[in-house]
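Okay, so chain A shows up in both of these, paired with chain B first and chain C after.
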Partner chain A sequence: MSMQATPSRPWEKEKIVRRNSGLTLLLGALIAYVIVLFTGFAGPDGWAVVLFALAATFTFFRNRRLSVKERKDSRARLLIAAASVIAFAPWISIFISVLFKGVKGLRPNFVVSDMRTTTPDDFLNMGGAAHAIVGSLLMVLIATVITLPLGILSGLYITEVRGRFSGVVRVVIQSMSGVPSIVAGLFIYTTFVDATGTFSALAGALALGILMLPTVARTSEEVLKLVPDDLRSAGYALGARQWRSTLIVVLPTVRSGLITAGLLGVARVIGETAPLLATALSNTSFVFNPVSGPIGSLPMYIFGMLQIGTENSINRAWTGALILLIVVFGLFSLARYVAGKDKR
Partner chain B sequence: MENVDISERSELKGTQMNETTSNTAVLETEFAGLETRDAHAWFGNHHALAGVSLQFPARSVTGLIGPSGCGKSTYLRLLNRMHEFIPNAAMAGEVRLHGQDIYAPGVDPAAMRLKIGMVFQKPNPFPAMTIRENVLSGLRLAHIKVDDEESLLEKCLTRAGLWKEVKDRLNASGGSLSGGQQQRLCIARSLAVEPEVLLMDEPCSALDPGSTLRIEETIKELAEKITVVIVTHNMQQASRVSDYCAFFLTDGGPGYLVEADQTRKMFTTPNDSRTADYVQGKFG
Partner chain C sequence: MHVVHSRGDKVFRGIVSAGALTSLILLGLIGAFLLARGIEVFNTSGFKFLTGSNWVAGSEDGVIPNDFSIGPMIVGTAIVSLIAMLFAVPMSMAGALYLEFYAPQNVRRVLVALLDLAAAIPSLIFGLWGVQVFTSFGERWAYFLSDRLGWFPLFSTISDNFGRSPFVAGCVLASLVVPITTSVAREVYSRTPRELVDTCFALGGTKWGAIRTVVIPFGKSGVVGGAMLGLGRALGETIAVYLLLNINFRYTFKILESEGGNVASLIATKFGEATPDEIKALVAAGFVLFILTLTVNMVASAIVTRSTKGAPA
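Moving on to the complex of A and B:
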């Protein structure tokens, strides 16, 4: 009896089979390239279509060595792979075009200066969108400070308090998520802006908050529902009152989920332009006071630059979009870091 | 509502219990102060438990045994007002702690639960807390100030039989422990608020034999200081760990108490033939 055993993975395909299918794919890609060179198909889209047609033909007319089951398996594999590429392609395409078109204007001055003394037509080494970045962050911060507690509280009302109006609250929140963003802006315009007599970051934040609240509240509710009743019972069995148990047991248990709820809300509103049109307007210079008048923001910056329509201003708009993506990405990373820090 | 005969019958059982206790003078002086009188429980229209009158002897382990669905766990949850968290739940009768009905109007349920702790079937340490925070969580939850938290921490973990295993990693997450360790952590957590009575709802049913044995030792040590009431499906466990046993049964209707006595007597010469059949494994 041999005591030596070599570890193997009988459930995986043999190396040679994997290598062969890799080579087949490579060959298909090359043939598709040649076909694109000599026929009416053009560009990456045409190439993808040809490659898919080739792969489909090959898969459907594969030789008889394969069993019926294996042939079915490979067809399903091809269709699912193609579907995932189709679903993924637009996202990647947006990301790549923003990256390539935006990187032209991405110079140090873009993230430190404002447009007070620069016209949109000026060279890209003059002026910047720092005032818009500050404005966007300021408004989103205020909106988060207002809506995160409100959203978590309404989630708590539905899951913990289970009050008589839980159903009503849930329906109202759900229907709030259907409010068109321009309506949120107009609502704040007719109430807050009219009353204070000026556009301001606070007005913009309130309009964004209206859009943010349903997302935050819904996500908080879903997250709070995940807390096992066992933990609540354990809290009560230790002589805790409900609010104490909620504060010490329930909320910390889903801390990272609640941070995600806030993040989803931020992601929902940071690119909103319509509500800001009627509330924060825009500005070409730095504004740090949230109640002192019109303030710039990244979406409004992009919108304004696109409207001007000259080459340099459009470049500025693309760079603004890139910065917006980077800001969202940065906020997500920061939140993931904060949420993950307490995991020991 | 119904079942007048059952409540009459259970009063009879209650007298039996009283007789048993009064037979032994020591027992009477050591009555823990926890008793139920004609306790009933409902879930909506479902009458789950009928007319249980029982006194719990102090500094001892009382096992609640009986087949599934006979109302043992319901009865246990009635004892520290956890029953009322179930929607549509209702109850009747009295649960008295030192003569005071804990269901009387004006009684603070949180204060009662502080005195009557509970350990659950599935280990449920708080996942967002460390081992240390888990043990001391009751203090924060119930607003209790303690001068020396470190010695309390060590004392509780030692009594739960977990100190040696975790003393070097008190700041690790409670979830990083094994199932048996987690359950002992939950016991330590219950002990930190110094309850007079500890209720345990099948505390070993989710654990392996080794951990079960460890927890049974813990329970016996605990009973030197406090009163323990334990629900168990395991006859061997009941005979190993409990000093007194109460046998519950259902005839399809609400569960009721058949008899309660010293464990030795329950397992050898019970008054009721159904008890004998059950503890010998003839049904249930």
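Moving on to the complex of A and C:
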């Protein structure tokens, strides 16, 4: 997604018109606020309803001067604007609440200590989620080590080897991307956890891997498909066999694309809670051994703290959510940055 | 292109094929495993598994027989997802139209960037926000609905408790789905041929006229596909529903009452202290859910591919 010159948009309003309508909106918002203060409506939703009613009345009276066609146009504009406010409000509210509620507990100890000697309701300057962050990283690392090669090999199989099962591989991978995360967790629970007799980081990593593999494989395939056949032919023309041509021409060409595939896979699974519930469970202290037993993770930390439900534990959950969001967005921005480098 | 393969090539092709087949087998194994368990349970309880409303784990000595069925959970899944889609689809269409045709350039740039990020928010955070922030709003609206429209069976309530109801859970699922459907819809709308839109203006049409006659018909199948993708996510959603709904094993169509459930959250609730037979039934429930989401996803991706590739330029 590179920057492009933006085409002119003839339907766009001139600046002065836009400023006037902005001022009208501001005035309306103020009037609505005053009405909310003196009537039964309450909260931001009540205010929005009053504002909408005001805008509808305003539009109605202004419309009397207009033709039928223009009336319809301005009614549609009002409805679309109102509906998109409803569409955008939840996730903007999420960004804002995670930021403001999460910042409260964001202290140095949150990223260095664990919860071994701290109860969830202790003051926020005690204890932290370092063990959960380490656990998440460990599981995601194992999952990546397993799935990244498998995913890239699947992509290569479809685009380079073009083997007999290409179609089957593609269809199966495509359909497995629809596995509900809890079902992946349940599968590992009934096989791996049952066989080893314990929850563990490895079990968690396997469940995450099931969810990650389709993303990695599909992205790799799509990236490899973009390599022009001319490049492959050039490799052959220089006397390289297919394996050399793939290793020294095809793969380096899409290196950043393959890194993107890995990053997207990680971003896809790092916030998954349901599969970890059934495979890794949680822990209050650091665990570094992937097979020793239950291990903490950032999502399970947030989940657990929310379930406890005291004031400080909920604060901890929000701080955990803030860190999780930062990680996910960091991964996405990194993926976009790396993918952007390919285009040049 | 025909290439003669050397020994090195054969090794290379062998390694790549082995890797691809490993992923194939791994993923196929899960499918086969779910299928086997599903068939097993269907053989013992038949279609009652899908329609009955009991979830009783039998005792080991067999005095109390096993009785597993997921009827209420399937209905619950349908209700919650339906509420979510009912809100999400019109809102995302409006949101996408706003971003493409109404928003000022700079507002648009910021919102589109945020929208892409919003589609990546883990569902756990939607759950957290739903419980801590949204519920107070949802309860107020639910109270309003039951107060004014309580005579309508769907909105009637027995208790005065409006939190943790399918309505609230559905609203949170809607906000979870909106970023996905909006970004697909926006993508499709932005591909509307400029000449067609310009023609509308040249003929003296208004913006709404252009949208109604050109943009919306052009993007219809893309929007449907995007909605199906969102529906796939809503159907399989576990943790947000688990946090926002009281799981209850009874057929209920009262969307404002604080009881309900869906298949995914049933699995999350029950697997912890489940008996071996119960686990089998849960896996079978997982299989049903998998088939459901698989169908929806496949239809969705077929529609999206068709509408973005075969578009007249």
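The rule we apply is simple: the second predicted complex is superposed on the first by the 235 of 344 C-alpha atoms of A that agree within 3 Å, B and C clash if a C-alpha of one lies under 4 Å from a C-alpha of the other, contacts with A are read in each partner's own complex, and residues count from 1 in each chain.
By definition in this document, a residue touches a chain if its C-beta (ideal position, glycine included) is under 8 Å from a C-beta of that chain, and two chains touch if they have at least 3 such contacts.
Not measured: the values here are computed from a predicted model.
In the superposed model, more residues of chain A are touched by C than by the other of chain B and chain C.
When the two complexes are overlaid on their common chain A, residue A:213 makes contact with chain C while staying clear of chain B.
Shared-chain residue A:179: touches chain C; no touch with chain B.
Judged by the touch definition given at the top, the superposed model places A:121 against neither chain B nor chain C. Once the two complexes are overlaid on the shared chain, A:249 sits against chain B while remaining clear of chain C.
In the superposed model, A:236 lies in contact with both chain B and chain C. In the superposed pair of complexes, A:189 makes contact with chain C only, with no contact to chain B. Of the residues of chain A, those at positions 233, 236, 241, 244 touch chain B in one of the two structures and chain C in the other.
Against chain A, the residues of chain B that register as touching in their complex are 80, 82, 85, 110-111, 113-115, 117-118, 120, 122, 124, 126-130, 137-138, 140-143, 171-173, 176, 186, 189-190, 193.
Of all residues in chain A, only 6-7, 10-12, 18, 42-43, 45, 69-70, 72-73, 75-77, 79-84, 86-88, 90-95, 97-98, 101, 149-154, 156-158, 160-161, 163, 165, 168-169, 172-184, 186-187, 189-191, 210, 213-214, 217, 229, 232-233, 236, 241-244, 246, 267, 270-274, 277-278, 299, 302-303, 306, 314, 317-318, 321, 324-325, 328-329, 332 touch chain C in the complex they form. Against chain A, the residues of chain C that register as touching in their complex are 1, 3, 5-6, 8-9, 11-13, 15-24, 26-28, 30-31, 33-34, 90-95, 97-99, 101-102, 104-105, 111, 114-118, 120-129, 131-134, 137, 140-141, 174-175, 178-179, 182, 194, 197-198, 201, 205-212, 232, 235-236, 238-239, 242-243, 264, 267-268, 271, 279, 282-283, 286-287, 289-290, 293-294, 296-298, 301.
Residues of chain A touching chain B in their complex: 228, 230-231, 233-241, 244-245, 248-249, 252-253, 255, 342-344.
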